[in-house]
Amino acid sequence: MRRLRMGMIGGGPGSFIGPVHRIAAELDREIELVAGVFSSDAGRSRAAGESYRIDPARAYSDLPAMLAAEKARGDGIDFVTIVSPNHHHLPAARAALEAGIPVMSDKPATATLAEAKELAGIVRRAGLPYALTYTYSGYPLVREARARIAAGALGVIRKVVVEYPQGWLSGAAEGKQAEWRVDPARAGEGGCIGDIGVHAFQLAEFVTGLRVTELLADLGTVVPGRLLDDDCSVLLRFENGARGVLLASQIEVGELNGLRIRAYGDKGGLVWRQEEPNTLTLHSLDGGTEIVRAGTVLLGPDAAARTRTPGGHPEGYLEAFANLYRDFAGLLRGAPAPLLPGIEDGLRGMAFIATAVAASRDRAGWVPFDI
Amino acid sequence: MRRLRMGMIGGGPGSFIGPVHRIAAELDREIELVAGVFSSDAGRSRAAGESYRIDPARAYSDLPAMLAAEKARGDGIDFVTIVSPNHHHLPAARAALEAGIPVMSDKPATATLAEAKELAGIVRRAGLPYALTYTYSGYPLVREARARIAAGALGVIRKVVVEYPQGWLSGAAEGKQAEWRVDPARAGEGGCIGDIGVHAFQLAEFVTGLRVTELLADLGTVVPGRLLDDDCSVLLRFENGARGVLLASQIEVGELNGLRIRAYGDKGGLVWRQEEPNTLTLHSLDGGTEIVRAGTVLLGPDAAARTRTPGGHPEGYLEAFANLYRDFAGLLRGAPAPLLPGIEDGLRGMAFIATAVAASRDRAGWVPFDI
Amino acid sequence: MRRLRMGMIGGGPGSFIGPVHRIAAELDREIELVAGVFSSDAGRSRAAGESYRIDPARAYSDLPAMLAAEKARGDGIDFVTIVSPNHHHLPAARAALEAGIPVMSDKPATATLAEAKELAGIVRRAGLPYALTYTYSGYPLVREARARIAAGALGVIRKVVVEYPQGWLSGAAEGKQAEWRVDPARAGEGGCIGDIGVHAFQLAEFVTGLRVTELLADLGTVVPGRLLDDDCSVLLRFENGARGVLLASQIEVGELNGLRIRAYGDKGGLVWRQEEPNTLTLHSLDGGTEIVRAGTVLLGPDAAARTRTPGGHPEGYLEAFANLYRDFAGLLRGAPAPLLPGIEDGLRGMAFIATAVAASRDRAGWVPFDI
Amino acid sequence: MRRLRMGMIGGGPGSFIGPVHRIAAELDREIELVAGVFSSDAGRSRAAGESYRIDPARAYSDLPAMLAAEKARGDGIDFVTIVSPNHHHLPAARAALEAGIPVMSDKPATATLAEAKELAGIVRRAGLPYALTYTYSGYPLVREARARIAAGALGVIRKVVVEYPQGWLSGAAEGKQAEWRVDPARAGEGGCIGDIGVHAFQLAEFVTGLRVTELLADLGTVVPGRLLDDDCSVLLRFENGARGVLLASQIEVGELNGLRIRAYGDKGGLVWRQEEPNTLTLHSLDGGTEIVRAGTVLLGPDAAARTRTPGGHPEGYLEAFANLYRDFAGLLRGAPAPLLPGIEDGLRGMAFIATAVAASRDRAGWVPFDI
């Protein structure tokens, strides 16, 4: 069974996430990067292609050109992955899907909710695989957390706290990674809420299996002169009445990537932390605490199947990312991938951003959330 | 210099906090429990007196009786400590102060804000020492956190997150400790917000040296049939514009007493956690992280003076509690105790509870906070 | 039931352990410090007596004088506690026991094994309570660890690793605490091995319920000019054939008081760490890990009875110490205290020190250990 | 610049380490697996080739055949990687090197010291790159630890403690991974000492930059019926007189892969733990503790260059492994790789195993260590 061939959109010189997608896609040897529009500047795209060690002829600087040229080859790309800033997501996905090419996309789905709705229509009409790299849902112990909750280990969920503290935008936003994230023209309507708040939102729904139905948002811009939010507090209600808190910040000095989720039901509680991803803590009503560790026989089938090393040999962010590509490769080959985030998750995420931004701006208090 | 003589109000059979106050008060041998109205039931008070090993004649069942009898003795009590449920705080403090006896009181100051205002007048008129055992402000590393922030280590504070998760009221509230806390007649208008939320509030103001000026509260009652709140989310604004989040819950299964405070400024951040109280984590803008440990020479004078053991010999809750009694003993002997919580802190705490309860009930959104 | 009256031997100005014994003894209000020979210098003893706030007339500077004077009082001391450097232990204990006064003593029992043997005879002849404050065996979760092993939770013990790293003697040994510990005339034949290695030894036997029968010792003197050992590696065999490792050091820079014990059997393993004393980690063969936390209902009766606060309200070193005094008070009142270390443990400890010192000096390899 | 082409020896169906090498080698896209003798059984080798998605024609079952066939191709392999059990290492490396093919090999170098000496001669004569995957030396923060010590951050090293606890061989050794490790015919003369003790040994020398010159070994066989050691305690002396302890065990139930190293000098100390590999703890003499985190600007150039994600996005075992392949690829392209373990390290490792096994068997006490 041959490797699937991937074309990358974005990921040019200086990109953080381009190489991450490349590593993740190839980790299980089901996928191979063979082409890309790494930059709209031909020289830069060529340089990136060299750094990825692909055939120089397949480092394009124009998406329609790549789609056409690859279609013409016997060994052309099987799908594209979109890793450029948010405002590129819609046009890139549209072009690919309309050319009959499946799409893997970095999150969030688009730059605005309106774009996401448009994209949803395109995906529906195309009838092609489309998925989103909500990375954190690829961690084995996040899968385990979801499975345990689904199996009733916590009883009825009553409370969810999801936090995503970072500190790297505490000062002026300098450098390629920072600049576009604080620029409404490229990031879209959300700053912190769109960059990491949406991860927290997706994780909360993913782990609990519950949908948010109401929210109250307080987004702030702490760093002087910044145009988008950089510190977010959002209160949540879930469909079953459970209460929730979602905190995200990019000005909490010293926090690196401290995503953490805690869920509590009437029978138990659980805690997972991204910076120590290989353990899951489970609490029971009698005060007992169990630590579930990756690589042990205590993992359920979903988590076990997404673990590549024995217990105690830490896996991390790249492996979690790779788990999403593994699911996507399966999807392309015809296997179901029910936990792989798709356009519906993309729509929910964009609606979350739009709703939170508007509700906060209007000091609207509790507002319904639906999409 | 003789030990100060303490009379206890409350703390009868089955009390958790009575023995804690006794141990804390006596730990440094500056204070001695000699009398008490441990219960209004004479037999129960006598039994408690025996368990405390005090002179049986000084185990009273009536507060006026104790105040009169002790006044008549040459070796009568120097102050009372009030450890009974909230609704007793005002009448007990009033009786003592009006009899010329200083008061140490468990928090919160009273059961309602109106009572607190009345008490403030009484304290002012009496001109006698009155203090509140906001225990967590007695931890050496909380003092250190406060001192570091006051010295500018974090720069201008921008964000404060204080969380106080517990899980012990996840089920039916059974037992002496639980029952009164969920009963409005004894606890007052706040449940979780008054029991632990107010600790978190005091800690946030104490550590940062900043006052809350605005808040948005969402208090919930999760356990069916409960009359008071048991899960609280409160957003804060501080006087300098800093943003804040205060979370408190008593239904987060498996959480024991997970009070944690994090503060972030434009130059640094810090984290302190009550369940590992002997370390303080400091973050700097360059990603550097310093762990300050109790008992090392790195502690400032305030924290160092409140540490009884060398580094690595853990101190805990009882010692933190004792630090408040040490400050109070100093106050009685004429020394200043600027960091010991007093009636102003009591008023602010009760105003916090009242404001949060009302704002949440009315879904009022952001409301000003002042007292 | 009145409080037992304690006389202290040692604990003068600058003492660390004197105040610790005082706090620990009095914590449960079963015992009261009323007298002491805090120093052989009358002025210093008086100053210490003042700092302890005892009757100035009962701050003696001569042990026979104290024993005689206290005997003559109606409210004389019920026992003495010996907290002076090691070389005082034997003469002080002998004088007290021969005067009919029970003895609580800091560890190790004496300065040399020969002294310990002499003391054992005295204790036996006196027929009076004698106990040793091997503090760490007073921690509730150490009691829990012992109980779990005794109940077979780990199966047959195969391996024990006990480590006691400190760093405070990495440089010149300055200050009251350091000076006597590095002086053979006061500390005895062991340096680090006698100060902390013996704690590790006692803890290993206490937790496992197994006796060491053979050892191989490598003691080193790392700091130039020092006369006693400051870094110890000892291999152990237990009576059932289990293998053991005991490490103790006072030159591991940055380590505060990192005592840790791990025990492994054919069915499970456990880990306890003194610097986070309120949790006990249990491992099972299937890779499962349980965290047992102080103050939860999961504790057995022995540990539960030695816990004063609810879960999440940390107890520490002073409370563990107090648990030994609680046991000792019980003993004086006629209750059994089977887990309180006594003269047999003292003898074993001194034999451990002597055997390790000799075996290391002689590069003797494995030597039998018995007493 | 094209990818280097790798042929694998070993790594057939059921192999744990084969896929790990494949992922690690390819992670940076400098290397590509193209061929292999995955098994000496043709069907099994073909099946493995399919699982790796390589050209079926290049899944060989005979090493000479692979070497010949690949040499004949224009796109033949650039090097082999040896991932089979220890007893295959020498013959496989010999065949490759004699065919002019560079070798990457799993550790330990060979099954016996005699073999290692033979191999050293072969490598020297061949004049071709040969390296060993001592994985743990590839972790960025291990590199940082080494760099800090080399720069004098700890002063003169006095003490090193390296521990490698595992528990997975606590019971009967079942399954492909376990079976060969407990079989002298395949593992060689060391069990636990050769499987993981040698990792600890290499890490200690790597991090400190100091060579072991003397050792005392106590290897035990705990599980009944086992032929090789499964629990090891080794005392060390380093060339500068520093004292050391090396512990390794495979019967410590519940320990997964708890490799930990601590080094202490006269100015500071450091701690690194493999299961939380993205932090390094540094202690200074004043009790200060600094946590150095991967992905921050505080890392030196060597560690920074071996980090692929920003701080807080955990990297783990596979990425550490990949760092060794990155160094090896550089070596093949002509760049220096001074920290990549080579045949000298292999010889030292085998001498360590042989010396420890013999010294323990003979109860020889301290023995010199040299190679």
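Think of it as A, B, C and D in the order they're written, each chain with its own count starting at 1.
Definition applied: a contact is a pair of C-beta atoms (placed from the backbone, for glycine too) under 8 Å apart; a residue touches a chain by one contact, two chains touch by 3 or more.
Small disclaimer: the values here were computed from a predicted structure and weren't measured.
Listed by label, the chains that touch chain B and also chain C are A, D.
As for how the two copies chain A and chain B face one another, over half of their interface residue numbers coincide.
With centres computed as the average of Cα coordinates, no chain lies farther from chain D than B.
If each chain is reduced to the centroid of its CA atoms, chain A and chain D end up 34 Å from each other.
Chain centres here are Cα averages; for chain C and chain D they lie 42 Å apart. A straight line joining the Cα centres of chain B and chain D is 54 Å long.
Contact of a single residue of chain C with at least two other chains is seen at positions 255-256, 287, 289, 293, 295-296, 311.
Partner chain D is touched in their complex by these residues of chain C: 154, 158-159, 161, 165, 167, 170-171, 216, 218, 220, 222, 231, 233, 235, 243, 245, 247, 249, 251-256, 262, 264-269, 281-285, 287, 289, 363, 365-366.
Residues 1-3, 16, 19-20, 22-23, 26-27, 29-30, 33, 50, 52-53, 166, 168, 177, 255-258, 274-278, 293, 295-296, 308-319 of chain D touch chain A in their complex. Residue ranges on chain D touching chain B, taken from their complex, read 286-293, 295-298, 311.
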